[in-house]
Amino acid sequence: MATATAPNDLQGGDAPLSFRKPSGSRTVKNALATVYVTVATVLALIPLVWVLWTVVSKGIGLVLTSTWWLQSQRGITPRREGGGAYHAIVGTLEIGLVCALIAVPLGVLGAIFLVEYARGTKASRVVSFTVDILSGIPSIVAALFVYALVITILGFGRSAIAVSLALVLLMLPVVLRSTEEMLKLVPDSLREASYALGVPKWKTILFVVIPTAFGGISTGVMLGLARVMGETAPLLILVSYAVGINFSPTSSTMASLPTMINSSRDVAPGLPGYDRTWAAALTLIIIVMLLNLVARGIARATKLKEK
Amino acid sequence: MTDTTRKPGQDGSTGISTVADPLGHADVDADRRDQTFDETPRELLEAGPAAADPSISPVHDEVARHSPVPVVEHHARPSRSADPDHAVASTGSGVKLASISRTGDLLFGGLTKGTAIVLVLLVAFVGIFLLVLALPSILADQDNFLTSRNWQVSGGDLRFGILGLLWTTVLSSVVALVIAVPVAVGVALSLTQYLPKRVAGPVGFLVELLAAVPSIIFGLWGLIVFGPFLGPIGTWIGDVLGFIPLFALVSDPKSTVFVAGIVLAIMILPIITSISKNVFEQTPRDQIEAALALGATRWEVIRTSVLPYGRSGVISASMLGLGRALGETIAVLIILSQPAPGSPFTPSIFAGGETFASKIANNASEFDTPSKTGAYIAAGLVLFVVTFVVNAAARVVADRGVK
Amino acid sequence: MAKRIDAKNVDIYYGAFHAVQDVSLTVEPRTVTAFIGPSGCGKSTFLRTLNRMHEVIPGAYVKGSVTLDGTDLYAQGVDPVAVRRMVGMVFQRPNPFPSMSIFDNVASGLRLNGVKNKGVLSDAVERSLKAANLWNEVKDRLGRAGMGLSGGQQQRLCIARAIAVEPQVLLMDEPCSALDPISTLAIEDLINELKEQFTVVIVTHNMQQAARVSDRTAFFNLAAQGKPGRLIEVGPTDTIFSNPTEKATEDYITGRFG
């Protein structure tokens, strides 16, 4: 396209100008590159479609029944039909919520420190570096740390709260980084306008800066929540899967969608338990995707408003 | 009420100081400040114009009233009397400049600072705790912790090492990287250089949606759908290239490092794509136009401007992806077949195996004695260090690229 | 309501950089004083020291004294937050708070300083919007976002916001530089009305504007590139524009300036 105007004879000289295509090998390379990026794009989309198709087609039957959302798996074996994922859905939401209750304030306050109090200082570099480490910590290591601290050293048993604590380590950097980005986007002119009204710094931050960045911050929170709700590793180490309803966060057993899937992953096709595994997978995807879409919706809506 | 400076529209019943500051009213001002008011601003005003001296605006009072800290006046100038109110009065003005409580700022600033300190300590503790709990087991280890491939942690005799875990972890992640990077770069190029904006938006969104799929789902899909699909392909490659140890057919082709690596590739694809896309987007427009003006084809523009500009970004993105792949737990755990204890080591990608993460997660129920737990924590510690190094390298590359 | 500002031997530094040197000047109550001068001459920087807004930038500090009716703004124990309640500011670009409605924008200063009484707030909002000549345009949509207004309306909204807290002095840092001529005219009319209640200090690049709105004019200049900015001359606007003492002032005003 853009190449059509390029004379292939760069020396020019006495030769008449030609607006033909560039030399053969250049055209071929250009075409090959186009093929490459096209194939790559198609390849990248295949897994998404494939995974979603698999999960939806295998799981939709059960997910559309009301019992799925209202009953647990108590007393139900892989060979028996029935039951639902109520226990696991509530467990997943509860663990995520407890995690968010701890991670969001810490993340937002940490970001406020970085942007509003320590911008450009050595302290901010130290904290920033720490957050980088934290965002690279594998979930299994986070789980081991909580195991080491809460269970081995402090002597508590396994519990859903321990899972939430491990997830805090994973959610915290997501919330902190996205909040940090959003706070940086708030123009200094707004802070100055507030200072010029004689408003103290803390009120400026809480009532001018944060509300302005609110959309972006909640997007980060939702994305962080979506990430931790899909996590499995801490659940395997820090709490046992319960087939029944148990919503006490301090109890050593609690169900969750990831562990519900994991516990029945080897059930043979054809058995009712096999369908339930996929239905649980679909339920988890629905929850996580909803969070993602809502997050994106908020991001889009608030971005438009800022213009 | 002799004020001449009312604003139009002011009716005198607002709580805010509506009256000009009559000179010499600072004494009244001082009196009022000594009492602790409980009136609302409106009542304050109704007490009369004198009481509504603007310099004691209800705003100030409100803050002062709720402040646990006594209101501090400035006595900076030695020439002024020690009594702050008289000091102000002596200047003949009602300007009050130090009457605002900073408790809120101190508390809130302290809170954010405290959070930051907690964060730093938290990360330090992660390392310290893992080390403290791992060390006794590492010291009691009869084998060499770094070079042994054994994993015998039950009973009195500890014989374990991380070499086998390290190999599988690195191998599966490298397979993932080798597949994911070219695809991700291709997608990023097509999103930024080829596709029109209204197509690129949705396609980019779909690729990012891939990042939202929980890893347990990828694991399940890899175990039940993708592994069986890929098995024959793996077998075919193994048949052709099996003379190379790396490609020797060893175990069930459905649950090999090869399959796990490709699933990992899918999982890290969105990260690498989105970071690469961001750096490609930032290629300076004039560089691209300069190349176009020289008659470059689209590919030549990419090769001469976009790729060199984005190189460090792509490398850094790949490292971050590698970090993710190294630490991935559940998908690998579900897909990889565990070799029977004592089976000989094979370097092949068509074998099962255990990574650090899958080993730990798979044996969580065995954390019953400190020495056993310590052995697994030691493995976790190594994973922590490896991912830390990879992530740190990614940062260094990215920072260098910025300069 | 309006107060006199006395600046004596003010030197302003940003870290090692000496931005403004030895400025002494008096701003009379209920007048409009214009600061003019070429870019980078320190007029905006100096303006910001009148309500200690320069302290927002790390490393900035001031020598000398600035007094507001005799009270030193830089004395020990003086809280810059308190200073800014007395000395309000309007900025180059309109900067209404995007998360707030028109009403909330105007009320923000009072609200954030602890005023909760609804009647008080709505009276103050109406009064300030009227004073800012914006009331008639927005009275039916006070709940709408402040960002939805035009640039000139936004700037008047910002002025309303600044005067709602009833400052003694209103500082304006090139308030019209981002506005079209019609909005500029509206702001200039407004400045003329505001000086009945406030001491107004305005920084402007536009000499006609200085001539139109100000009673007194201060001309700032740089001795040379990299040298600190200085106050060259200050006096009644008529004098500065018709019969300046300094050659540099005349050169600048007549446009014979680099």
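Letters A, B and C name the chains as they come in the text, with residue numbers starting at 1 for each one.
Everything that follows uses one rule, which is that contacts are C-beta pairs under 8 Å (C-beta built on N, C-alpha and C of every residue); 3 or more make two chains touch, one makes a residue touch a chain.
Please read these numbers as outputs of a predicted model, since none were measured by experiment.
Innermost chain of the displayed assembly, by C-alpha centre distance to the whole-protein C-alpha centre, is B.
Ranked by C-beta contact pairs, the top interface belongs to chains A-B.
The distance from the centre of subunit B to the centre of subunit C, with each centre set as the mean of the Cα atoms, comes to 41 Å. Separating the centre of subunit A from that of subunit C, both taken as means of CA atoms, is a distance of 46 Å. Separating the centre of subunit A from that of subunit B, both taken as means of CA atoms, is a distance of 11 Å.
Residues of subunit A in contact with at least two other chains: 198, 200-201, 203. For subunit C, the set of residues touching two or more other chains reads 81-83, 85-86, 113, 165. In subunit B, the residues that touch at least two other chains are 100, 102. Across the complex, subunit A is touched by residues 100, 102, 104-105, 107-109, 111-113, 115-116, 118-120, 122-123, 125-126, 129-130, 132-133, 182-187, 189-191, 193-195, 203, 205-207, 209-210, 212-221, 223-226, 266, 269, 273, 292, 294-302, 320, 323, 326-330, 334, 356-357, 360-361, 364, 367, 370, 373, 376-377, 380, 383-384, 387-388, 390-392, 395 of subunit B. Taken in their complex, subunit C has these residues touching subunit A: 51, 53, 56, 58, 81-86, 88-91, 93, 95-100, 108-109, 111-113, 145, 147, 158, 161-162, 165, 171.
Residues of subunit A touching subunit B in their complex: 1-3, 5-8, 10, 22, 26-27, 29-30, 32-34, 36-41, 43-45, 47-48, 50-52, 54-55, 105-106, 109-110, 112-114, 116-118, 123, 126-127, 130-142, 144-145, 147-149, 152-153, 169, 172, 176, 198, 200-203, 205-206, 226, 229-233, 236-237, 258, 261-262, 265, 269, 277-278, 281, 284-285, 288-289, 292, 296. Across the complex, subunit A meets subunit C through its residues 120, 187-201, 203-204, 207-208, 211-212, 214, 305-306.
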